[in-house]
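Each of the next two complexes has chain A plus one more chain, namely chain B in the first and chain C in the second.
Let's turn to the complex of A and B:
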């Protein structure tokens, strides 16, 4: 089957799959940012056990292959009495892994803040919460727009893991095996899905660049 | 990393996963508590093993083609010139192609056939360059000339024949319904309506199910192991795939499952995937005829399948000509 035949027969499925990929991406990214921010705040907090815990989190999930983590979440957790839906499993896996990388991005952002600012904040009598809230996070967020754009793209590409478990409806990568199971499309089936990723990534990249130009702190 | 993961058995991976998760939650470490909630790691492998000695002897006794036979086929000549046969296969199928983790050798019905074929062309069954394939990549690998042939319980379909050519068929089967041994509400295909039914993506299972049991909810899994895992966990009520696969699962897990009702659906003929319009089709078919006539096919079937799933009656090889 050629590209046009595939689109004629499965165009609707591709659209649903693209939307599913976007849905997974969006939900995962929002949660990723929340988790990454919390983990990062813990990593710079004055309480040592919390710092160690958060550092451990980053080291652990930065170094696990996505597929193995998904297999653990989907197939091993039921042995601990926790049986989750495929959709939830994908989100959990993506968030756990990508938030570890996201936290590293935030750390980089924090490191761009001059020590003088923090000293000034301390001498003004700001508490840790106030320093984080008023000084660190706003600057860290603004200087990490580009890395976070990359992270959003990484989230989208990581959702392809969902093809490894029976997610219904399938996302772009899972749809490839769905179609190739029913009517052999060969490489063309992959190409249409790949196009969905590429175009989405280009759009994300454009938005990220504009946002960065607007928000970047000129030093 | 990938090779590390694949060298672990799925079971070890689960146990490992259990450790990570449990440790991650700060409950207890696996090392400290031998009786973790994960009992998958303690299960004993009860698989009825292949008779490796008989198998190796059979392959080593395979016939070798003369120069003229090979020169008559450009496909075979190309393999002869390269000095090795690039074969696409899997190494996780108990009956058809399973890698022995200790020795790294692959044995099974498919593996035996391609080793016999490599011996037939090259005079040495070990000169096989094994390429791992999945149901999604088989056609692409043949189209891109990454492999010379694919032996992977590869069902012959008209759709696939548009992209590649098949030699054979060398084996045939039908769909079977696998359920947990203690489950009695599913007695045949008619009971699948409204149930969650697992099928393997890339196999002919999902399409057949859509026709024969249109009211079943079909969930597609990448591997047989994963589908059965969810069958045991109750996410699905039944698992439909080729009867041969089901028999191998039963040989692997005596007492765990049973087959519900009769085999159903169209006859599934396994072929040997070859590049589109290759003259290897005639060559491989002639070779298949040889091994079917000299009894190697029957012996191989007994060693790999019959003796291990307690089936005494040797099937007749299907008519050649895909």
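Let's turn to the complex of A and C:
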């Protein structure tokens, strides 16, 4: 099938698929940030059980394989009396996995601040909340711009897992398998979806780089 | 997890008596809450009848594990083959990316960014559904190994590049001033040092490869997840089997990550991963 023929037959599907991928990505990313932030706060809190819980969370979800988690969420949870829509399942899976990496990024960001800075802030008489608010957070956030840009791209790539469950409408990867199991779409079916991902990733990368140049503290 | 002394231990001052009591109370309360959460989860299993021995007892038999072990061998074969291929391809892409010819640099850049920007699952569908349409017959082993290797090699190219850039500039200058050709300097002086520096990152990248191999069931290659599906069909025990399988993968990856962190501490080299290299 030629590109034009393909676009005539499935052009609308590709557009919907691209929008679905973007939608999944955006919702997941926002939730990922929230969860990662909460987990990171727990990880630096002085309360031992919460620290352990959050550390365990990160270890579990950064090491679990994406498909196996999605399969558990979609196919196994109903056995525990919890049936969720495919769309929700994808978002839960992506958020659980990527937030573990997001929390690692935050931790790295916090770790780039020298201990000397905290000591200096303390000797100036700043209170704990002032130290967090004026010293830790501004620096930690600035140095996490690039890793978080990568994280957003990772979120987008992880949403491809959605092709493993009956999600309607399909996202870019699911559509490729849908078209090719019905007709011989050829290399073009793959390239259109691939370009959808790559161009989105390039755009995200551009924005991230610009933001980083503006905000980064040169050390 | 940061096992090294991290800043999180320095965020607070030494707590006074009041704060210490508050922390102690919070610790007890949160411990109880965590326990309640865990118990509630177990209770949900019990209520749904998923703790029934028939769902778990077959994990006590040796043949179950032998069967899963066979799948694990398949998983490891794919992971290691893909790992080796991606090392070679990754190094090749990096050399091209750092070459003095604009043309080679351009090609390497396009290839790297393409494979970094595309999900491995889509690549797998390409090898599984698209390539056979052109009359090329591939064994399922390569349908899963090739895409995993391609995806990994793009990331490794960037990891290698970060390593090359971390080698002090003076090394290159010294080589050049001895009259070595630029490529010889890159290959014989900079690369060996860069390689040493990226070893921990290479190990940690293996985790990504192992995770990608779980997609092998898409092409019906008998890896561990595929064999697990056979078990599920035999024992009608979906939940328990998937939980055990997920746990096995977590343990494998945890072990690999642990080795990577150990190597990183030992060699004093930072781990470079997909999240720390420059976005496309």
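The rule we apply is simple: the second predicted complex is superposed on the first by the 203 of 219 C-alpha atoms of A that agree within 3 Å, B and C clash if a C-alpha of one lies under 4 Å from a C-alpha of the other, contacts with A are read in each partner's own complex, and residues count from 1 in each chain.
We take it that a residue touches a chain if its C-beta (ideal position, glycine included) is under 8 Å from a C-beta of that chain, and two chains touch if they have at least 3 such contacts.
From a predicted model like this one, the values you see are computed outputs, not experimental measurements.
K.L.:
Answer with clash or fit: chain B and chain C placed together on chain A by superposition.
P.N.:
Clash: chain B and chain C overlap once superposed on chain A.
K.L.:
In the overlaid three-chain picture, which partner chain does A:106 touch, first (chain B) or second (chain C), both, or neither?
P.N.:
Neither partner.
K.L.:
Check the residue A:202 against both partner chains and state whether it touches chain B (first), chain C (second), both, or neither.
P.N.:
A:202 contacts chain C only, not chain B.
K.L.:
Applying the touch criterion given at the start, work out whether A:182 contacts chain B, chain C, both or neither, answering first, second, both or neither.
P.N.:
A:182 sits against chain B, while chain C stays out of touch.
K.L.:
Now for A:55: first (chain B), second (chain C), both, or neither, which partner does it touch?
P.N.:
After superposing on A, A:55 lies in contact with chain C but is clear of chain B.
K.L.:
Looking at chain A, which partner touches more of its residues: chain C or chain B?
P.N.:
C
K.L.:
On the A-aligned overlay, A:29 touches which partner chain: chain B = first, chain C = second, or both, or neither?
P.N.:
neither
K.L.:
Could you say whether A:65 touches chain B, chain C, both of them, or neither, answering first, second, both or neither?
P.N.:
After superposition on chain A, A:65 lies in contact with both partners, chain B and chain C.
K.L.:
Does the superposition put A:166 against chain B (first), chain C (second), both, or neither?
P.N.:
First partner only, chain B.
K.L.:
Let me test your reading of the model: by the given contact rule, A:47 touches which partner, first (chain B), second (chain C), both or neither?
P.N.:
A:47 sits against chain C, while chain B stays out of touch.
K.L.:
For A:75, select first, second, both or neither according to whether it touches chain B, chain C, the two together, or no partner.
P.N.:
Once the two structures are laid over each other on A, A:75 reaches both partners.
K.L.:
Mind checking 59-67, 77-85, 113-121 or 131-139? I need the stretch of chain B that runs into chain C in the superposition.
P.N.:
131-139
K.L.:
Indicate the residue numbers of chain A shared between its chain B interface and its chain C interface, in ascending order.
P.N.:
In the superposed arrangement, which is not itself an observed complex, chain A uses residues 60, 64-65, 67-68, 71-72, 75-76, 79-81, 163-164, 176-177, 180-181, 184, 186-187, 190 for both chain B and chain C.
K.L.:
Show which residues of chain A lie in contact with chain B when the two form their complex.
P.N.:
Contact set of chain A toward chain B: 1, 60, 64-65, 67-68, 71-72, 75-81, 83, 163-166, 168, 176-178, 180-184, 186-187, 190.
K.L.:
Which chain C residues qualify as touching chain A in the complex?
P.N.:
1-2, 6-8, 10-13, 15, 23, 26-27, 30-31, 33-34, 44-45, 47-48, 50, 113-114, 116-122, 125-126, 129-130, 133-134, 207, 210-211, 214-215, 217-218, 225, 238-239, 242-243, 245-246, 249-250, 253-254, 257, 274-280
K.L.:
Could you list, by residue number, the parts of chain A that touch chain C in their complex?
P.N.:
By the definition above, chain A touches chain C via 43-44, 46-50, 53, 55, 58-60, 62-69, 71-72, 75-76, 79-81, 101, 104-105, 107-108, 110-111, 113, 115, 118, 122, 128, 131-132, 136, 146-147, 149-151, 153-154, 157-161, 163-164, 172-173, 176-177, 180-181, 184-187, 189-190, 193-194, 197-198, 200-202, 204-205, 208-209.
K.L.:
Considering the complex alone, what residue numbers of chain B touch chain A?
P.N.:
Touching chain A: residues 1, 5, 13-14, 17-18, 20-22, 24, 37-40, 135-136, 139-140, 143, 157, 159-160, 162-163, 198, 201-203, 206-207, 219-222, 226, 229-230, 233-235 of chain B.
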